[in-house]
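Here's the structure, in C-alpha cells; my notes come after.
Per-chain numbering from 1; labels A, B, C and D assigned in written order.
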Amino acid sequence: MTGVALLDQHLLSVLIGLPLIGAALLLFFPREGNGAIRNFTLLVTVVEFLLSLSVVARFDVAAAGMQLVERVPWIPQYGISYIVGVDGISLWILMLTTFIMPITILSTWSAVAKNVKEFMVFMLVLETAMVGVFLATDLFLFYIFWELVLIPMYFLIGVWGGERRIYAAIKFFLYTFAGSVLMLVAIIALYFHHHAVTGVYTMDLMKLYELTIPVKLQLWLFAAFFLAFAFKVPMFPFHTWLPDAHVEAPTAGSVILAAVLLKMGTYGFLRFAMALFPVAAADWTPLIAVLAVIGIIYGALVAMVQKDVKKLVAYSSVSHLGFVMLGLFAFNLQGIEGAILQMVNHGISTGALFLIVGIIYERRHTRLISEFGGLAKVVPLFCFCFMVVTLSSIGVPGTNGFVGEFLILLGVFKVQKWFAVVAATGVIFAAVYMLWMFQRVMYGKITNEENLRLADMNGREVAYMLPLLLFILWIGVYPQPFLRRMDASVNAFVTRFEAKKQAALAGSPAGETVLVRYFDVKKGGAR
Amino acid sequence: MTPIPFDKAALVQGLYSILPELVVIGTAIAVLLADLLLPERGKKSLCHLGIAGTAVAILAALSLGPGRIDGFSGMIVHDGVGLFITLTILATTLLTLLMATGYSEWEGTQKGEFYALLLFSAAGMLFMAKGTDLMTVFLGLETMSIPIYCLVGFHRDRMTSLEGALKYFLLGAFASGFLLYGIALIYSATGTTKIPAIAGMIGDLRLFGNPVFVAGVGLLLVGFAFKVSLVPFHMWTPDAYQGAPTVVTAFMAAGVKAAAFAALLRVTMLIFPALGPGMTNILWVLAFLTMTVGNLAALLQDNVKRMLAYSSIAHAGYILVGLVSVDVAGGQAALFYLLVYAFMNLGAFGVIMLLAHREDDGYDIGNFKGVGFRYPALGGLLTLFLVSLAGIPPTAGFIGKFYLFSAAVKNGYVGLAVLGVLNSAVSVYYYLRPVVYMYMLPAPGEVPVPRPPRTAFSLALCISAAAVLVLGLAPRSVLAFAERSILSLLM
Amino acid sequence: MVNGILDYLWLVPALPLLGVVLNGAIALFAERPFLLREAGLPVPGGLGHGDASHGPSAHGTSAPLSGQHGASSAADSHGHGDSHGGHHETPAYRKLVAFLAPAVVGASFVVALLCVLSLASRPADGRTFVQILFPWIQAGSLLVPAALQLDALSSVMALVVTGVGFLIHVYSVGYMSHERAFARYFVCLNLFMFAMLTLVLANNYLLMFVGWEGVGLCSYLLIGFWYEKQSASDAGKKAFVVNRIGDFGVLLAMFLVFWTFGSLSFTEVFAKVPLLRESGVLTTGLATAITLLLFLGATGKSAQIPLYVWLPDAMEGPTPVSALIHAATMVTAGVYMVARSSALFLLAPDTMMVVAVIGAVTAIFSATIGICQTDIKRVLAYSTVSQLGYMFLACGVGAFTAAIFHLMTHAFFKALLFLGSGSVIHALSGEQDMRKMGGLKKYVPVTFATMFVATLAIAGIPGLSGFFSKDEILWQTFSSSHGSPVLWVVAALAAGITAFYMFRLVFLTFFGKSRMDPEVEKHAHESPWTMTVPLSILAILSVAGGWIGIPAVLGGSNLFEHWLAPVFHPVAAAGAHGAAAAGAHGASVPVHHPAALELGLMALSVGIALCGIGLAYFLYRVRTGKPAEIAKQWPTLYDVVYHKYYVDEFYEWAVIRRIVNVSTGLWQMFDALFIDGIVNGVADLVRSAGGRVRRLQGGVVGGYAFSLLAGAVLLVGYILYRSVVQ
Amino acid sequence: MIAPSAYLLLSAILFGIGVVGVVARKNILIILMSVELMLNGVNVAFVAAGSYLGDTAGGVFAFMVMTVAAAEAAVGLALLIALYRLKETIDITELKVLKW
C-alpha cells in the first residue's frame, strides 16, 4: 500500500512504530558521527510530532469512544490482539509525549557527550513505549508497553546519570516493577473472570468495560492496579524513588520522567483502575483522596527545604500530581477534565523546569541553590524563561497551571469540600517554595565569582524553551481547544462510571467464577 | 511348540517411532569411529558431523509429525508432547554443538568422546521424554545421566570439574535409587509399569488407599524432582553447573530439564489427579520453595555461572507452577516455557562463555566491567537474554511466565501466582547486575578481550536471540502447537 | 442596539497589553544586549561586546543595576552620579519606551473616558454594558467567558486607574530617567495597568481573579525591581505570598458561589440572589461563608489586619510604583471587590460587622504606627493602610458609595503624596529618612506646594476632596443601621492621628532648618517637568475631586451618589430583609437623623483633625525637643510603636520558623529515614535472606544427600498421611 | 510360601541400610557400595513382586537394574580414580571447593 494509504489507515501504528524504526536505523550509524546521530534523532522525533498533529486534525470532537482504532489479532486463541485507539482522555497526553520529545532531544546536544548513539537509541525506544502505553486499548498490549518503558529509562538513568546513578536506577526499576507485577496478576484474573462470565477470552479493554465485576473481586483487582499506578504517579507514601531518580537522571531523563512517565500512572488510574472497577474506586476514594491531599501538602513542605534544585522540583511534582489524583477521584466533569489538563500542564511546566535546571547545570555543574544567586543580572533571558515557568508552576492566572488547578479544585469542592480547602492551601505553599528558590537563584548580588561570567541561553536553548513558553501561555489564556476535545470522552466516562457502579452494587449476574470463590472464601471480609 | 511369530510390522513401527533417537545414536557411533580415523587437526570436523547428525534428527522428528505412534508394545510413544520435547532437546543439542565448536578449541575438548557423550545423553533424553513405561523412562534417564556425569568431569585435571562431577554422580545415583524403588513399589502394587495402564487402574479406591502405591508415586516424584532440581532436591545443581565445562552446563540446564519435565508431565497429568489434593499441595509447596530459594540464593552470586545455575533452579520452580494446575493451560505453558528457557538459557551461557575468556574465575562478574559499550553486540545480546530470563516484555521469557501464572490464576492458585510474580520481581535484581557491570561501571583498565566467536558460535547466539524475540512477539503458532500436544497426551 | 464606542471597550485593557508587548520586545532585543554589553558580559547571538565607549569604563559610574556598588539605595540615588555617567549616551530605545509606555495608558484613558460618557448618556437603569470577547473555560456546567462589564462602579474604577495610572507613567519617565532597566520597568508597569483594568472591568469572578492575581504578580515584580537588593526581593516575595493567602480565600469563595449560583458572572449571580433567597438555598450562613472568604482575599490585597504586613515592606519598590500600586489602585481592589459583591455582603450581617470592625481597628492601629515612623515612605504606607481601613469601615456599615468615593479621592491625594515624597527623595539623592531632611520648601517649591495641598486633603480640611469622602464615611458610621457611635469615635480618633502624623511629615520635611548632610544639600533640586506636571494635576484633583460628592446637607447634590445608585440600590432593594435595605439606603438620605446632628458631627471631626494638626505644629515647629522627651518618658511604649508592635517579628516566629522546621523534620525524619528506611529495609532484608540461603549450600555431599533424604521422607510421609490415613 | 509383604519388608530394609550408608559415610567407595545396596533392595522388590504376580517383567527389570548399576559403578570408579590422582584422597568431605 502507498505511504499515504498507510498513514491514512494505520496512523496510530505508524506513530508507535516510527521511533522504533528510527532506533533500528540508528544502529547502523558510525559511533563517531555524533552530529549525524543527533540530527537524525531530532528529525525522527519532529516527524513523529508532525504526524501526531494529524491525529488532532482527524480527531472527531463529538465522538466519545475510541477513534482511529486499529485491531489486529495477535494471539487469537487467547483473545489477545493488537488494538490501538485514541480518545479525548489519551489525545493530549499523546500529544504531550510527541511534543516534549524533540525538545528533549534538542536539549541533549551538549549535555550528552559519551555514547550518544546508545543514548538516542534508548530515547527513541522510550518514545515508542510511551506512545504505545497511551494508545494501547488491549490490556496485554498495554502491559507490554508499560513494562517496556522501564528498560530504556533504567539505562538512561544508570548510564548517563550522576554519581549515585546506579542506586537510583535500580531503585526506580525495582520500585516500579514490583508495583506492576501484581497488576499483571490482576489483569490475568480479570481476563479469566471475563471468560468465566461470558465464555469469551479477551483482553480488549472496551469489552472488559462492559463486564460487571462482583464487588469483592473488584476490590482486590483494584488494589493490585492501585499499587502499580500509585508507584508510578507517585502517590504520597510511594514517592521516595522519585527524588533519587530525578536527581541522578540526566536532564533529558528527568524531563521525560516528569513530563510523561509520571502521567502513565495517573492515566492508568483513569483509563483502567477507575474505569474497570468503579465500586472499588468509589470505596477507595477516601483513602486515595487523603493520600493525595497529604501528597500535596507534604510534597510542597518538603520541597521548600530542599537544597538541590532538582530535588525541589521533584518534590513539587509529588505535590502537583497530588492535585491530579484528587481531581480524578472527584468523579465529575470539572475534576477529571482539570486533572487531564493538569497532567499536560505539569508535563510542560515541570519539563521546562528541568530543562532550566539543566541549562545552569551544564554551565556550573552544580544544582545546589546555595551555589547561585544574582544570576538575573548576567543571564536576563534565562531569568525571563525561568520566571514564566515558575509562574506557571505556581499556577498564576494566565498560565496553564491555573486553569488546571482551578478546575480540579472546583470539581473536588463539589464532592469533598474539606479536601478542596486543604488542597487549596497547597497553592500558597507552591508560591512559597518556588519563589523562594527563584529568589535565591536569580536575585540578590552575585556572590559566587564563577557566576559572574555565565553565558546566557544560546539559540538552541531558546529554540527548545520557546515552544514550552508558548504553550504555557496558550493553555492559560485559551484552553478551550484542549478542553473541548476532552468533553465527550470524559462525559461518557462519568456516565458509564455511575452506571457500572450501580450495576455492580445491584449485584447483577456475578458469575460464580473460581476467582470470585477464591476471594469470597479466603479473603471473605474484604470490605 | 510353535515358533514365536515374527511381527515385522510391529518392529518397523517401533523403529519408526524412535527414528530421531536412532539417528542421534547413529551419529554418536559415527563420531566415535570417525575419531579413530581422523588426524589430530581434523578433529573439529567431528563436531560438524555431530551438528549434521542432529540436524538430520530434527528433520526426522519433523517427518514423524505430531501424530501418535506407539512403539515396542507401548514401551515408548511418539506423540505431541514427545515431538515438542524432542524438538526442544534436539534444538538444545544443536545449539550446544554449535557453541562447542568454539569452546572445544579454547578448552581442548576437541575429542570424539566429548561429542559422542553429548549425543548419547541427548538420545537418553529423547527416550526419557517419550517413554510411556516407567522402565523406559528410567532407562532413558540413566542413558541421559551417565554420559553427563562424564561430561561434567570432563576436565579431569581440574578440581572444580571433578568435584562437580562426583557430587552430581553420587547424588544422582542416590536419587535414581529412590526413583527405582518408587517404580518397584508401583509395580508391586499395580503389576504394571505402563503409565497409561496405571492411570486406568487409578479409578478404584483400593489403589488410592494403598500405601505401597502411594509411597511409590511419592518416591517417583522424588526421583524426578532431583533431576529437574526442585528444592530441597537441588543441592547438587549449583556445584555441578559451576564445575562442568560451560557448554555442558548450558546443555544440562536446558536439556535435562526438558526431558525430566516431560516425564514428570506424563506422570502428573495421568496419575496425580487421582491422588487428590495431597499431590497438588506438594507440588504447590515445591514450586514455591524452588522459586524462592533459587532466586534468593542467586541474589548475591558474584560468579555469573553459579548465578545462572541458581536461576535455573528458580526457573524449574516457575515451570512447576504450570504443573501444579494439572490442566491443559498449565501443561501447555510448561511445554512452551521449556522451549523458551532452552533458548534464553543457552544464549546467556553462550555470551558469558565468550566474555569470560577463561574458565573458573573468568566468570567473576567483575570481568564484565565496561564491556557493554566496548563490545556492543555481546552486551546487547546478554542484556536481551537476561531481560528475557527476568520475564520482562517484549521477550519470550515474559510470554512464558505470563502463561504459567495465568494457568495458576485460572485454576484458582492466585496465591502461588502472586508469589511467582513477586519472585520474578526479586530476580530482576540479579539479572540486572551483569547489566550494571557491563554498562554502568567503568572498566578498571583495558576491557579484557572476549574469546573470538566462530561463525558457528555466533550463529548459535543469533538463533537463540531470534527465537527469544520471535517467541516473544509472535508466539501464537508455538503456543497452539503446545496446546495440541498436551491435548494429545490427555486423550 | 448599537453601542458605538462601547464596542471598543476591549481596547481599554488591550492598549496597555500592547504596551507590554512592544516594550517587552524592546526590553528583550534592545535593552538586554545593551545592558549586558555595558556590564561587559557576552551577549549570546548579539553583536558581542559593545564598542569601547561603553563597557567597564561606563559602568563604574553607571546605574544601580550595573553593579559592584549594587542597586541598594543607590536605587533612587543614582541621579547625579549619572548626570555625568549615563546621560549623554542615552540610547534611542529609551526615548521610544518613554513615549510608548505613557502613550498606551493615556490612550486607554481616553477610550475609557469616551466609553463612560456614552454609558452616562444611557438611562440610569440601562447603565450596564457587557462585552463578551471569547469563551475562556468551559467544562460541563462551568461556562466562563472572557467578558468585560462596564457599569457605574467599574467606570469609576476604570477612570481612576487609567487616569492616575497615566499621570504616574508620565512621572515615572522623569523619575526613572537614569534607571538602567528602563524598558523592563515600563513593561511591568504596563502589565500592571492591563491586570488592574482586567480586574475592574471583568464581568465574572474568575476573570476578576485573573486581574486580582495579575496585579499581585506585577506588584511582586515591581517591588523586587531592584532585585540585587536583598530587602527588595524579600519584600516582593512577602507581598506575593501574603496575597496568595488572601487569594486562597477568594478561590474558595468562587467555588461556593459557583456551586450555589451555578455561575460566576456578576450579572447572573446578583440577579439570582433574591430568587435563591426565597427558595432558601442561599442561607445566611452560606452568604456569611462566601463573604467572609471574599473578605479574607480583600484583607490580603488591601493590606488589612491581619494580612497588612506586606504593604510597608512594599515601599522597597520605586516610589512611582508605591504611588500607583500601593496607594492609588491595586490596594483598593479589595474595596472594589467588596463593593462589587455588596449584594452578598448585605445578606451577611455578621460579615458586615467583621468588615466594619476590622476596618476601624486597622485604621487606628496603623495610624498609631504612622506616628513614629521616620522613613517618609513608610509613614505614607501606614497612612495608606489606615485610609484603606476607612474604606472597609464604610463598606462594613453598608456605605459602599462612601467607600468608593473615598477610594477615588484617596487615589488622588495619596498618589500625590507618594509622588511628592518621590520628588523629595529624588531631590535628596535617595535620602528617605525624615530626620535628615528639613527646610526643603525653598529647594522644591512645587513639590512642597502640591504635597501640602494633599496633606490638607488627607487631614480632612473642609473644601478639599478628602474632607467630603472621609466625612461621608464618618457620618455613615454613626448613622447607618450597621454602624455604631463606638466605631465613629474610633474612626474620628484615627482621623485626628492621621492629621497629626501627616503634618509631622510635612513639618519635618519642608520646614525648619536643614538637617541634610551638605553633600546632598548641594545637589538638592526641583524635579523635571515630567514629574512636577503630574504633581500639579493631582493637586488640582485632590482639591476638586471631592466636589462631585458634596452631601445634601451642605447643599450639594451628591452626583457621585446618584451615579453609583444603580449599582448599589437595586441590590439593596432585592437584598430582602429591611435592615440590609435600610443599611444600603442609609448611604443615600438618612431620613431618621436631623441635619443638625450631621453638621455637628462634621464640625466635631474637623475639630479633632485640627487638634491633630495643632499638636503636630506644637511638637515639630514650636517645641522640637519635646518628641524626644516623650519617647524617653515612655520608652517601652515608644519602642513598641516604633517597631510596629513587633507584628512582623511575631509572624516570623510563630509561622515561618514553625513551617520551615516542620518541613525539615518531615524531609529528614519521615522521608529519608522512615519511608526510605522501609524501602531500603525490605531490600536489605531480601538481600540478607539471600546471603543466608546461600549458606545452606554447605558444599559437603553428606549434607546434600541428607537434605534430599529429608525432603523425600517429608514428601512421602505427607502424601501417605493425606491419601492413606485420611 | 512366605507372604510377599515380607519380601517388600526385606527390600525396604536393604534400601534403608543403603540410604543411611550414603548419608552417613565419608568414604566414596563405601558410598558407592551403599548405592548398590539400595539398588539391590529395589531388585528384591522387583523379583518378589514379579514372582508373586506371576509376571516375568519383574525379573527382567531386576536384570536391567543390575546392568545400569554396573554402568554407574564404572563411571563412579573412573571419577574416583581421577579424584585420587588429583588429590590423593577419597574422602567425600574433602570435596568442598564448590559451595554457597
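Note that a residue touches a chain if its C-beta (ideal position, glycine included) is under 8 Å from a C-beta of that chain, and two chains touch if they have at least 3 such contacts.
Here the structure is a predicted model, which is why all the values come from computation and not from measurement.
A summary of chain positions shows that the Cα centroid lying nearest the centre of all protein Cα atoms is that of chain A. The greater number of contacting C-beta pairs, out of the two interfaces A-C and C-D, is seen for A-C. At the far end from chain B, in terms of centres built from Cα atoms, lies C.
One simple way to say how far apart two chains are is to compare their mean CA positions; for chain A and chain C this gives 38 Å. We define each chain's centre as the mean of its Cα atoms; on that basis chain C and chain D are separated by 98 Å.
Inter-chain centre distance (chain A to chain D, centres taken as mean C-alpha positions): 64 Å. Between the Cα centres of chain B and chain D there is a gap of 26 Å.
Under the contact definition stated at the top, the residues of chain D that touch 2 or more other chains are 19, 22, 31, 92, 95-99.
For chain B, residues that reach two or more other chains under the stated contact definition are 166-167, 170, 174, 238-239, 429. Looking at chain A, one finds that residues 174 touch two or more other chains. Pairwise chain contacts present here: A-B, A-C, B-C, B-D, C-D [touch as defined].
On chain B, the positions that touch chain D within their shared complex are 135, 138-139, 142, 146, 149-150, 153, 156-157, 159-160, 162-167, 169-170, 173-174, 176-177, 180-181, 183-185, 187-188, 191, 193, 212, 238-239, 242-243. Those residues of chain A lying in contact with chain C across their complex are 171, 174-175, 237, 239-241, 298, 301-302, 304-306, 332-334, 337-338, 374, 376-378, 380-381, 384, 391, 396-398, 402-403, 406-407, 409-410, 413-414, 420-421, 424-425, 427-428, 431-432, 435-436, 439, 442-445, 453, 455-459, 478-480, 483-484, 487, 491.
On chain D, the positions that touch chain C within their shared complex are 19, 22-24, 26, 31, 92-93, 95-100. By the touch rule above, chain A contacts chain B in their complex via residues 74-78, 115, 118, 143-145, 147-148, 150-151, 154-155, 158-159, 165-166, 169-170, 173-174, 177-178, 181-182, 184-185, 188-189, 191-192, 514-515, 517-518.
Interface residues of chain B, counted against chain C in their complex, comprise 166-167, 170-171, 174-175, 178, 208-211, 214-215, 217-219, 221-222, 225-226, 232-233, 235-236, 238-239, 275-279, 281-282, 293, 296-301, 426, 429.
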